[in-house]
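The structure's right below; bear with me while I get my questions together.
Here the chain labels run A, B, C, D, E, F, G and H in written order, and each chain numbers its own residues starting at 1.
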Amino acid sequence: MKDDSASGTNDYLEIAGKRFRSRLMLGTGKYRSPEETVAALEASGAEIVTVAIRRLDLDNPNAKTELDYIDWSKYTILPNTAGCRTVDEALMTARLARSVTGSNWIKLEVIPDPKYLLPDPVGTLEAARQLLDEGFVVLPYMHADPILARHLEEAGCATVMPLGSAIGSGQGILTIDEIRIIVENTGVPVVVDAGLGAPSDAALAMEIGADAVLINTAVAKAQDPVRMAAAMRLGVEAGRAAYLAGRIPRKPFASASSPEEGVVRV
Amino acid sequence: MITLTVNGKPREIEREMTIPEFLAAHGVNPETVAVAVNGEVVAKERWPGVTLRAGDAVEVVRMVGGG
Amino acid sequence: MKDDSASGTNDYLEIAGKRFRSRLMLGTGKYRSPEETVAALEASGAEIVTVAIRRLDLDNPNAKTELDYIDWSKYTILPNTAGCRTVDEALMTARLARSVTGSNWIKLEVIPDPKYLLPDPVGTLEAARQLLDEGFVVLPYMHADPILARHLEEAGCATVMPLGSAIGSGQGILTIDEIRIIVENTGVPVVVDAGLGAPSDAALAMEIGADAVLINTAVAKAQDPVRMAAAMRLGVEAGRAAYLAGRIPRKPFASASSPEEGVVRV
Amino acid sequence: MITLTVNGKPREIEREMTIPEFLAAHGVNPETVAVAVNGEVVAKERWPGVTLRAGDAVEVVRMVGGG
Amino acid sequence: MKDDSASGTNDYLEIAGKRFRSRLMLGTGKYRSPEETVAALEASGAEIVTVAIRRLDLDNPNAKTELDYIDWSKYTILPNTAGCRTVDEALMTARLARSVTGSNWIKLEVIPDPKYLLPDPVGTLEAARQLLDEGFVVLPYMHADPILARHLEEAGCATVMPLGSAIGSGQGILTIDEIRIIVENTGVPVVVDAGLGAPSDAALAMEIGADAVLINTAVAKAQDPVRMAAAMRLGVEAGRAAYLAGRIPRKPFASASSPEEGVVRV
Amino acid sequence: MKDDSASGTNDYLEIAGKRFRSRLMLGTGKYRSPEETVAALEASGAEIVTVAIRRLDLDNPNAKTELDYIDWSKYTILPNTAGCRTVDEALMTARLARSVTGSNWIKLEVIPDPKYLLPDPVGTLEAARQLLDEGFVVLPYMHADPILARHLEEAGCATVMPLGSAIGSGQGILTIDEIRIIVENTGVPVVVDAGLGAPSDAALAMEIGADAVLINTAVAKAQDPVRMAAAMRLGVEAGRAAYLAGRIPRKPFASASSPEEGVVRV
Amino acid sequence: MITLTVNGKPREIEREMTIPEFLAAHGVNPETVAVAVNGEVVAKERWPGVTLRAGDAVEVVRMVGGG
Amino acid sequence: MITLTVNGKPREIEREMTIPEFLAAHGVNPETVAVAVNGEVVAKERWPGVTLRAGDAVEVVRMVGGG
């Protein structure tokens, strides 16, 4: 973001004491090629990038992945515990993630159901508490439940990451009222994660006061991921600028934009 | 020959060996992986002191693209 | 827009043979000061700017208006017939507009009802036909009625301008399905006018294939109109780029963004 | 004195006059307005030839901010 | 409807001087069998029943249709001009309908587009005026355009029949704000036609003040059309009773239903 | 409900082994008079009726309340823990409720926030487990979180009671996707509680497969509560019948209800 | 043999005949149909007086289920 | 005189008394209330055996309309 950006020069996202100019976090899953991954990251302007932790294929241990093409000096790496169904799996994966990345940041996901991929409120809170005890910086993925957000913040999480709609669905933000309440009541950054399908969704998240968004599928699976990454960046910047600019209230009625007086009558 | 459980599946190795030996035997770049033995993650600096024995459950993981 | 824009260098809006880089048309009503009007126009990147035609106060004929501060060499002026309740009033206002602006472009509005400010489909079509006969370039404001759009296009209008929601209401696009159908079936540019409240609305209009949007109240009445103008510009660019990039389909179900294989199980 | 209807209201002027004379008499910058007489818009080049007479309905309009 | 009905004994729908107790009009297309058609009509409580006019197959002129099984003494027949793409086709079909049914009621449809099946505002108004001149009682199907509704009412139509959503789509009422405005401004009965998929849709139409609804596909194509007909009847009655009962306003915030005072504190 | 009801004679709601014909639970708060309360209960057909537990005013211990006018032999009483902010308050209130009503059914509410009145997922689960240990039949009020619903069912709750929208707001069902998932995955009855404003909302809850609804404010605060109670009854019956009848799928496109062949062409 | 256009398609009949004769010849119950000839609907009471001639465009319609 | 905390507020009573005596002294219909003492709900059959003493925290509740 340039100095003459629409959001202004002093507008930072701050997580666990670290400052970021970009409010768009990008995932690295599901791209068609490593080249696309790298170019999309570049176009997005993202500074925080998520990765997953998976078992190495010992019969083919040096197969390159998209991640080998990324210049990690440019990004803050955020490993996740995606795929973990239980607290124990999430704890183990988080610890392995810390070992492999050298970073203590973790995007915590405890997702018992493989069909709807919805996070477990109780398990997530339990795992968060344990990981916080172990010194992790925890960014928990969660249902857009304002009271759960409060519990996670009180436990010491660095952000809350409420979902907009089902992960990978592109349905946008179906939890808008809940996210408004979370924004109003939460002291740590609110990152809308899951379900965002287009820049309009990303802009909307920012307009209602979210601090950032995390996007993966909507970029990786777009017909032109690199252009979509640029579009998402613009959408996030647009929404943030609009939030700072103070939008007009929604009104149930019309009001003319041209003067009502002085019309030529026949 | 001894048998470990590596990443959830049985795997035979010639003999007991330390983690760095195990990784080297499989051609794994140790920079890119993390290792857990019997449910405990082993910090990299402790690898040379940990010997894998018959029946051990070993996890060797890496980063992959994900969201 | 720079050459390295997210939409690409060859992406033009073309109306009546004239090409524009910007897809955001801006209105000039309701600002708090002339300075804000000028700065908002600048920040928006708009190339087409709407004005109204009103009776001169002959007792105070040289009162300056916001329009006196605008460098009109930079903009294509688009006078409207806002406030006209009948076909005859709209015709008279259009002819006066041509005389005062020297341009034959007219944003046609025939709005019989002062409360809901909804356009008259029959009167608009009748006035459009007359003005087209007289050599005007007609951009008609209309309900988002796909069959009416067809009539207006067949009559020779240069664009169609379906409403998103009640003018000035900031409710966004409540007519999304109709606008999709209009986009699919219309050969002239589709400009979504009225009701857009935030960049997310503008982006959405562009994502579903609209060619441009027209905004006034949402910028003029924002707490910081200049920043909101910049935000709207970004939103329009984001939506256009996303349209060109090809968004993922909306799906009713979840799909994981991280690999489902290779998760550490405990 | 004769009476016109200007912009919907009665207005007295000293005598019959052409449109440019009328505008000048009221201090109006002719560049910024359009004029209709009795329901017909008068093109600017025709203004000098059009005389406003008692009872004429005259519209004098300008651009203002609008959306 | 019984005397102790939720809507009260004096609540009538009146169209062109004729009174009805039922506010559910039912179509007769697309059923799986004549028996189902008859039973669904019975279960629905409908008093006004729509039919289409089609060319007779002269090679098989006595093939029975579902309509031969209906006791027409129990119903007011309402022929439509469905399928007519132009004003002329609609006029001809209306005149044939009057000849074959002996009734001068006509549900007017002018639908130029075979894909989206949206009505033509201009053609519908033109045809309505002609048919009214010829003595028809005209019930025009229309886009939910409040100004068009006004034109149709002023022309002398007996009702207006705005669409809820695309015909046969079961999407419910996507035009809710427009229908509210039509209800507020229209003196003749407002009948919501097209798109209703379930009793909740029918109830909603009535709750916002519509005078009646017309349903076909949602009953005929339900898995159990007879039970769905009964369900729609209940839905319409529920919505009408709620309209008369005066619903609570929608509020953006919560308010407790139990007393806030006197809670046991620990 | 009569034998010839739209839902059929064998359609029961069963909670903790007890069978009910009515699927509408009614609250008793906020009515204007005891007479209205009694008449609304009667008109609603409700068999399960909620009450709150509050401290007695010892200086005026025999003040009559609306509840003194109700013939409790006709209803299953369901006391709630409304107003309780913590697990301990809810436990104490539940135990007092059992003592005062003689019934071990409890509608469990743990609501820490007095502004948004949203339930605590963690506290509710903890209190539910304790009350189940003490032999209560627990009907927990909850956010529409499918994983939380699973935890509560696994703990042994007799129902789950997800919210439609903010309590008392009349906004209807904003959590429709979540409730669908809960219905699909839950073995105990799903009762939609909170936010329902009109029969269309109640019908919608039943159409998507909820087993019952609980309503209070929308009846008590209607202009005519008794008629609204009757309307809600009809809405619930309509929605249940439609669920059993199998509604048509929502489709994004139109399909004609009259035959496409045989139209008179001119 | 003469040829009419009936319901949009050519149809041969033996000879010129009135509408009731035409319907009877095709076994059509006259109660259930309406008839137009050359774009004009013919009221039932006028049917006996209308003779169908070569080249006439005839519409014969009935009610069917519809919504 | 001794002082209890009843429903969160101090209340003086003449002397120590059992729950039924307390309710009767205040004119409370015992059928319609539940009672807790010092955080424990007291079952109705146990009321006669429970004496309220100075400093006891007593809750006396009833049903009211609620949803």
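By definition in this document, contacts are C-beta pairs under 8 Å (C-beta built on N, C-alpha and C of every residue); 3 or more make two chains touch, one makes a residue touch a chain.
Just so it is clear, the structure is predicted and the values come from calculations on it, not from any experiment.
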| item | value |
| --- | --- |
| Selected interface, C-E versus B-C, where C-beta contact pairs are more numerous | C-E |
| Chain separated most widely from chain H, comparing mean CA positions | G |
| Length of the line joining the C-alpha centres of chain A and chain E, rounded to whole Å | 46 |
| Chain centre separation (chain E, chain G; CA means) in Å | 33 |
| Centroid spacing, where centroids are CA-atom means, of chain C and chain G in whole angstrom | 54 |
| Multi-chain contact sites of chain D, meaning residues that touch two or more partners | 7-8, 36, 39, 59, 61, 64-67 |
| Two or more partner chains touched - positions in chain C | 27, 29-30, 52-55, 80, 82, 92-93, 96, 116, 118, 166, 216-217, 220, 257-259, 262, 264-266 |
| Listing of all chain pairs that touch each other, if any do | A-B, A-C, A-D, A-F, B-C, C-D, C-E, E-F, E-G, E-H, F-G, F-H |
| Residues on chain E engaged by chain F in the complex (per definition of touch) | 6, 8, 27, 29-30, 43, 52-55, 57, 80, 82-84, 86, 88-89, 92-93, 96, 114-118, 166-172, 197-201, 203-204, 207, 216-218, 220-225, 227-228, 230-235, 237-239, 241-242, 244-266 |
| Touching residues on chain B, where the partner in the complex is chain C | 7-8, 36, 39, 59, 61, 64-67 |
| Chain F-touching residues of chain H, taken from the complex the two chains share | 6-8, 11, 26-29, 32-36, 39, 41-44, 59-67 |
| Touch list for chain C against partner chain B, complex | 257-259, 262, 264-266 |
| Chain G-touching residues of chain E, taken from the complex the two chains share | 27-31, 37, 50-56, 58, 61-62, 65-67, 77, 79-80, 82, 92-93, 95-101, 214-217, 220 |
